[in-house]
Amino acid sequence: GKGGTSGSGVKVGFLAPTLQTEFMIGIDEKLHEECDNRGWDYVSASFDNDSAAAVSAIENMVTGNCNYIVAMVSDTSCDDALKAAQEKGVKIIECGVETAVHDLVLKTDQYSIGTQIGDMAADWLNSQLGGEGNIVVYTTYQNQDMQDRGQGIQDAIKEKAPNVNILEVVDIGKDVVGSGTTTTETMLQKYSNLNGIVCYGDAAAVESVEAVKAAGKDNENFGVFACDGTNQALKGINDGTCMRGTMYFEPIGSVMAEYIQQMVDGKTVDEAVETPIHAVTKANIADYYKADK
Amino acid sequence: MKTVRSFYDKYHMEIGNIVLILVLAIVLFPRLSADYVLHQFVIIVLLTMGLSLEMLSGVLDFAFMAEIAMTTCLGGLCLRAGFPVWVSLTVMILAQMLFGMAKGLLIGKIRVNPILLTFILQQIYQGIAAVFGDAIQAPIPRDYYGSYMFWMIFSGIAVVIYVFLQLLLTHTYYGKYVRMLGENETSVKNSGIRFDICRMIICGISGIVFAQVALIFLFITNGGSAGIGRRYLYPVIAAACLGGINFLKGKGNLRGTVLGSLSMVLLLNLSAGLSLYSYFSYIWEIAILVIAVVIFARESKN
Amino acid sequence: MEKTSNKFITFYKKFGIYVFLAAVVIIFSIIAPNFLSVANLINILRQVSIFGIVVIGVTMVMIGGGMDLSVGGIMAVVGMVMGYCMVNVGLPIPVAVIIGIALGVAFGAINGVVAIKLHIAPIIVTLAMMLVLQGVAYLITGGYPITGMPKAFLTVGQGYVGPVPIPVILFVIFIVFGWIVMNKTYLGRNIYALGGNKEAARLAGINVNKLTVLVYSFAGFAASIAAIIMVARTNASQPGAGSSYAFDCMTAACLGGVSIAGGEGKISGTVVGVIILGILDNGLVLMGVNSNFQSVIKGLILLLAVAIDCYQGGQKRKKA
Amino acid sequence: MNSVKNILSVKNIVKTYPGVIAINDVSFDVEEGEIHALIGENGAGKSTLIKVLSGAIVPDSGTIELEGKQYNQMTPKLAKDLGIEVIYQEFTLVPGISAAENVFLGDKTKPGAFCDIKDREARAKKIFDDLQVDIDVSRPVKTMSPAHQQLVEIAKAVSRNVKILIMDEPTAPLTVSEVETLFRIVRELKAKGVTIIFISHRLEELFELADRVTVMRDGCYVGTENIKDIDRQKLITMMAGRELKESYPSRTSQIGEEALRVEHLTGNGDHDISFTLHRGEILGFAGLVGAGRTELMRVIYGADPIESGKIFVNGKETNIRTCQQAIQHGIGYIPEDRKAHGAFLRMSIKWNVVVNNLRGISKGPFVDEKLENRIAEDYEEKFQIKTPSLEQRVENLSGGNQQKVVIAKTLAANSEIIIFDEPTRGIDVGAKQEIYKLMNQLAGEGKAIIMVSSDMPELLGMSDRIITIYEGRKTGELAKSEFDQNYILDLASGGEEHGKNK
């Protein structure tokens, strides 16, 4: 078990803010698979939103012979460490936010994702409920990205469906299992006239769907919208539950592997690539979800 | 034979750690970069020394990383508000010391298991730090992380702290007080010692040590954040255990702390070196903790 | 003079927690909208029932002089394994449930055996166990949740008997069982003795090792039942389930008057502790309090409760 | 040689601890129905031996023969099933639960899984009534005084169907009247055919109670004698292995000016207590169990709050609220419960001895380690603390030796006013002499000494004056010339309202 690179001489390190959400796990696994296919070594680490741990993880990856580091950092906290790694000949691929240090960046604009979720929800509210209705928005203040996304959701709904009541914007806190259920139960309790929940992520949303079902409100006049394109959410949309829309990210793992390949091959890559992302609703679910799985 | 045996009994921690360090250093040798090891070592050894001081007084602290996060946030805010650097740093050190003293006072006054108390404090502090905001970017003028001087200064501070604590613990009566507190509080009281004040001072000193880490974090991550240092909690406890610090018996010494910290740094490096896949690296960290605990946190059978 | 202050202390020790409960209820009914509706109260009960079941198990461990931080980890692994058995392997529900329960009990027993055989403080054993199990829970599916449980299974978490949700009924069964064991049986007496003075219990001929393993196994059992309800209620097995339980269970029990040092505490107090925590969660959300503030407020209230508890018990002054 | 059969034979028991041979090849027999005393100096191995008998610890080698059956090893459960009950030197009570529950600890009073608490309390009450002890059986034992706890221990042992009752210094925390109760119980049990093994450092008790006596020294068996055939002095010589004069050493100290004056002190259960204490004086405090002597001393030492009244040290009024202040005023206190209040059990002897006077042996913040060693060695020698090294943890010492460490710890602080609360509890004859000599020496140096003791001969022998306390009130104050055991007992039981006007 000696650390080192295999024949290809390429070792990719993936630095994730957390590996406890389905979305992140998806990226991790995909990238791992792609690296395996190409005969590259792979290592991943999550830093649990702890920027100091991120710095150490970068150092450890460099010590562990990584020559490409995919860093999903949300701010400039790791810039110095990334720069030092770069000086040691490591290529840095940033994913998410663009900061000063990188060889390539794969950008995701959280606010714009938020607006896309909002648009999706507004469309449904306009067509199903005639632009009227009462909804709540779930956001989380655990990090800036998600706050931006939550803001995007609100702004888009206010713009596109101005008559819809946003009853409350709830901060549902950390990604604790069960918080989606609990919050939704409480909201259903508080607002008997609720028509929908627009949520920053699928994890809490699918829990909410279960709570809505349990409360017997799972009818055509209730809609849950979220983001991440997790399997469970897609299944919900496909099965015709009140889960009505999510955002599907094109497998970021594959996209990244593709770009690393180009860098390995010595090509120069345009900086700042936008992550491709699609809204998924009942209308186009067939393209994203295969029921037999 | 008997002397060998008693030598082993006395120094088995040190021997174990040195062997471990040598083996890991050889395994990792090809890429082991001195500056990286130094960075991580300085951070972990400072944390472990601070924690060890508390552990020797019978307190296993779960709140210190959350305190550090609050301090970095505070530092970030100060810098952003345009305070001069030295003012911000003083504020941070004072704040961290106060957090420590508050903790010590609470532990002294509220005589419940300190583990529970520090768990509660951790919860409160994390909440407060998060209220500050996710991340506070501060205008740090230079790349301190890449600066050789920067790390040398903090290495120097670590050495000074080591010498200070070593003197304190082994040669002064305050050191005896520290170990006494881990024992029998009624007896401490009957001995005429204000144990709440003592606790406060001990935790305050630990706070000053932790503050150094808060400073390092602030500089190398260009700001403060609510989650900063969270991942260090268990590795640091493990490092203290590896170093033979036993909070149940108030046993252990700083020499062990240093060796334990170095072992820990190398062990953590190993997981990236072995291309361990994410969960395995998590389990790897845990395994170290568990093994350290199993070997060293055992109560004597008698 | 001394007599009267003594009486006050005994009164407070017996009823302080109820006073606290009443205060919380009154405050929230005034400031939180819809708090005092029957539906919301049932809602609160349902929300706390999973947690409450685990706390009953943890309470017994703590009265027996131990500590169990691993219950959350046990819940996660049991939930994942059960989901895996039902969905991926396609085992019938009863088989999956039995496997889950057996696993939970086994983990509990391991806690007990390790604490006894290796002479490691239980708080450390179970902390390590929690961390290990959390890792294991992620390994089972590589971190993905398992969804699509059989319909019949979901009843456990989502069904009702009359107006009462099934989880609440299970919670009540646990309360009654726990109360009877701790107050009415020799077993319960022995658990108090174990927690109060282990050596005395041993010398009195009580098989302390067996008893310790038994108590931890029961906590594991409680955690696995909670896992079943949790999975059925959310229709998903999630590897991150129960991650906050280590802390929350301990605080609920302490709030309810269980001594950290062991040997003291009551099931009734614990239940009130659980309900207080549930009310805080619910009421703060109803009031729309920012989640970070919520945890600060909860922490401060717990600190206060612990401080008051320690003040009344000023003379006992036990080390853990 | 005798028609009486042996119920218990101990054969070649060896038990070692790191660096110590606690029992070295001990064999002896106990006859059915006798009261067999086991004596020896502190650390002779008595407690260890009975722990082997009860299965609390496992011996390295040797066998136990009980009613003709051989056992290599006991377990607590087996011992109980065989009818062996033990009252250990250190309490084995569960502090948080009631006296009744402690009495029936681990017992099923009724078949089935359910236990009837009312019934248990009634039964416990009955046992205490039989013992003629008035105790609230539903109260947690941790709120009771050591003496009451001891009575609970006794009730616990006799509540069962006991064949062999082993008591390790049962009388140590008891005062005269409880001792009488205990003896009455013991005799009754003997009449019922129960065999009793009895350990005590109060030799007069042996002569009153025992049939035979076995002496141990340094872990070895010395001999067994019929009590009728031996006298006190010979017994002491057997124990100590040398001639040892036993008497209360005479003292020539000059009683000087006032050191401590307490006026109308109320608090912690005591009411309106006044007395003065002079330099060079030993002031005895007599009282029954629970009289409140310890409580009084704790108030003076600042360990418990004062409600009203004044304390003067050297004629100056003080405001002592904490132990620290008491120490600053030159007051030292040797607590009665060495485990809970005195020693740091997991720390070394050396560590314990100097801990109260760390500032005194330090230069600036630095501890003078040579001085530290010297002080510790001094006290080790002075008190003959039996230990392989000064680094030994106090936890591992015999009960008496722990007591010596606690005394040394307080003395090392060089206080001017020293309160001894039950200083010789559990201490052997030789060491008692040492402590008496020491107290005299301290008094001779002009220090003022308070001695709380339940050992009447000691109190009479050592004190210059005696104050009696009954239910938290002072009932009498006697000068040396007035000393009379019966009179003091009378006052201590509230018999006569004396000394009200001082």
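Chains: A, B, C and D, in written order; residue numbering restarts at 1 for each.
The definition used in the following text is that contacts are C-beta pairs under 8 Å (C-beta built on N, C-alpha and C of every residue); 3 or more make two chains touch, one makes a residue touch a chain.
Small disclaimer: the values here were computed from a predicted structure and weren't measured.
A.B. asks: Starting at chain B, how many touch steps does it take at minimum to reach chain C?
C.D. replies: Minimum number of steps from chain B to chain C: 1.
A.B. asks: Taking CA centroids for every chain, report which one is farthest away from chain B.
C.D. replies: D
A.B. asks: Need the CA-centroid distance for the pair chain B / chain D, whole Å please.
C.D. replies: Averaging C-alpha atoms per chain gives centres 44 Å apart.
A.B. asks: CA centre of chain A versus CA centre of chain B: separation in Å?
C.D. replies: A distance of 34 Å separates the two centres.
A.B. asks: Could you tell me the distance, in whole angstrom, between the mean C-alpha positions of chain A and chain D?
C.D. replies: The separation of the two C-alpha centroids amounts to 70 Å.
A.B. asks: Would you mind listing the residues of chain B that make contact with two or more other chains?
C.D. replies: 130, 184, 186, 279, 282
A.B. asks: Residue numbers in chain C touching 2 or more other chains?
C.D. replies: Residues 138, 142-143, 290, 292, 294-295.
A.B. asks: Specify, in ascending order, the residues of chain D that touch 2 or more different other chains.
C.D. replies: none
A.B. asks: Could you list each pair of chains that touch, in label order?
C.D. replies: Touching chain pairs, listed by label, come out as A-B, A-C, B-C, B-D, C-D.
A.B. asks: Taking the complex as given, what residues does chain A use to touch chain C?
C.D. replies: 19-20, 22, 25, 29, 140-142, 168, 170-178, 180-183, 185-186, 189-190, 206-207, 210, 213-214, 231-232, 235
A.B. asks: Which residues, counting only chain B, touch chain D once they are in their complex?
C.D. replies: Residues 167-168, 171-177, 179-180, 183-184, 186-187, 189-194, 249-250, 302.
A.B. asks: Would you pull the chain C residues touching chain B in the complex into a rising list?
C.D. replies: Those residues of chain C that touch chain B are 118-121, 123-124, 128, 131-132, 135-136, 138-139, 142-143, 247, 250-251, 254, 260-261, 290, 292-296, 298-300, 302-303, 306-307, 309-310, 317-320.
A.B. asks: Using the touch definition up top, name the residues of chain B that touch chain C in the complex.
C.D. replies: Checking each residue of chain B against chain C gives 58, 106, 109-113, 115-117, 119-121, 123-124, 126-128, 130-131, 184-186, 234, 248, 279, 282-283, 286-287, 289-290, 293-294, 297-301.
A.B. asks: Okay, in this complex, where on chain A does chain B touch?
C.D. replies: My answer: residues 1-4, 11, 13, 16, 19, 28, 32, 41-57, 59-66, 74-81, 83-84, 87-88, 141-144, 147.
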